[in-house]
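Naming follows writing order (A, B, C and D), and every chain is counted from residue 1.
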Amino acid sequence: MTCPVAIRIQEDDFDIAREIAVLTRSRTDIGAVVSFSGICRADDDSSKIAALTLEHYPGMAEEEIKRHVDEAMSRWPLNGVTVIHRVGRFMPGQNIVLVLTASQHRRAAFEAAEFLMDYLKTSAPFWKKEESAAGAGWVEAHARDDEAAARWTKS
Amino acid sequence: MTCPVAIRIQEDDFDIAREIAVLTRSRTDIGAVVSFSGICRADDDSSKIAALTLEHYPGMAEEEIKRHVDEAMSRWPLNGVTVIHRVGRFMPGQNIVLVLTASQHRRAAFEAAEFLMDYLKTSAPFWKKEESAAGAGWVEAHARDDEAAARWTKS
Amino acid sequence: MKVKYFAWVRERVGKAEEIIEPPASVRTVEELIAWLSGQGEAYAYAFEKPKVIRTAIDHAHVKADAAIAGAREIAFFPPMTGG
Amino acid sequence: MKVKYFAWVRERVGKAEEIIEPPASVRTVEELIAWLSGQGEAYAYAFEKPKVIRTAIDHAHVKADAAIAGAREIAFFPPMTGG
């Protein structure tokens, strides 16, 4: 089973249709493709967000994502994985992250995508700074994200 | 919370990027969009598939999907749902179904998309006929699909 | 009442839909399937394994013991395989 | 050894990276954080809640009791909030 992997950290936006096309082009063994796109929201539970700045740890970020993609590939029979994380300054409505998983069956594609997102949130070295009317401040980690990631270590 | 719903049964292909754009356009309350695309595979576990024909029950198919979309909206805080199911004759590699869910947070979007796919498989009135070297035959329902749908009735 | 057939049920019966007039003694889906099975070889073949057949009344799934009184459209088909 | 700081740790320390030469008695991440905290007000502020600080050695997450011997690059940062 061929499972091409693409991991990119970039300032530019991504094109989901293009990324899916790259993953599935001239293959007939893929039955399911799941995409997750994370988008900058204007409302973070409490405050109104004007913009979001994403900082990352170059080098480690790619390696950490790669480790989790490898883990996902060992857990589920995947036919392709693409992870794109943008960095820079974003306005509400703009894309931040894309995870694509392809598999023969839907369950593996869904679970692998959710697994990757849960780990991206809690273990990939990215940090968000929010700008709102109250000023700028670093986003605090959510306990719910740790809990989401912890699900995958139970069996 | 606005949650536009689009349900279409059509022969034409769909454009995921366009559908996501329609769902998210000029909104800043969506933080997560999950897409599932189901694609015609050349291999159905055992036999080599040359083509697949999708038949449906017009009227009931739309209503049945709508019932499950309503159920999904009552279970998860969704900001948008699109379900497109194609009918007609397909070659391996061609798109068959698209489910898009949008929400503030990723967990709701993931779960609602998986819920909708599980119910589309087992309760929406569509039937697949496969053409292979051995001739043409109706695809049998998989026990694993019933089990997948049954997950959502436990709590 | 109008009856519709889909997938291999349609192929076996040899038609996609028809108007039927079962006797008043036929009250449930189960009884309707038994009655249809007696309407000739094609029907007997289509309904040879009644437990496999799924039924919808007026576009909603129903069980074998559902009453057919008042139904405008009854559809018979195999387990669904969409998605 | 090279040390890197990210997010508010970087802002508090006032620099993104530097070369440090801790004494040989500093053996673990925990001890390194304690030593850095003594290097001036900016460091004391950045590391005032050492339990909140996450550490990576050569691009891999490590715990507070990890040995720093042989490390080429050590990074300190708050809990991650990407995705």
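In this section, contacts are C-beta pairs under 8 Å (C-beta built on N, C-alpha and C of every residue); 3 or more make two chains touch, one makes a residue touch a chain.
Quantities reported herein were computed from a predicted structural model and do not represent experimental measurements.
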For this session: Return the chains common to the contact lists of chain A and chain D.
Result: none
Exercise. Hey, what chains does chain C share as contacts with chain D?
Worked result: none
Exercise. If every chain is reduced to the average of its C-alpha atoms, which one ends up farthest from chain B?
Worked result: D
For this session: Return the distance between the CA-based centres of chain A and chain B, expressed in whole Å.
Result: 22
For this session: For chain A and chain C, let me know how many angstrom lie between their CA-based centres, rounded off.
Result: 48
Problem set entry | Mean-CA-position distance for chain C and chain B (Å) | 26
Exercise. On chain D, where are the residues touching two or more other chains?
Worked result: none
Exercise. Which chain A residues sit where two or more other chains touch them?
Worked result: 38, 117
Problem set entry | Every chain pair meeting the contact rule | A-B, A-D, B-C
For this session: State the interface residues of chain C toward chain B in the complex, per the touch definition above.
Result: 4, 6-8, 56, 59-61, 75, 77-83
Seminar exercise, completed: The residues of chain A that touch chain D in their complex are 38, 54-57, 59-61, 63-64, 85, 96-97, 117, 120-129, 138-141, 145
Exercise. Which part of chain A faces chain B closely enough to touch in the complex?
Worked result: 15-18, 20, 24, 26-43, 92-93, 104, 106-107, 109-110, 113-114, 117, 148
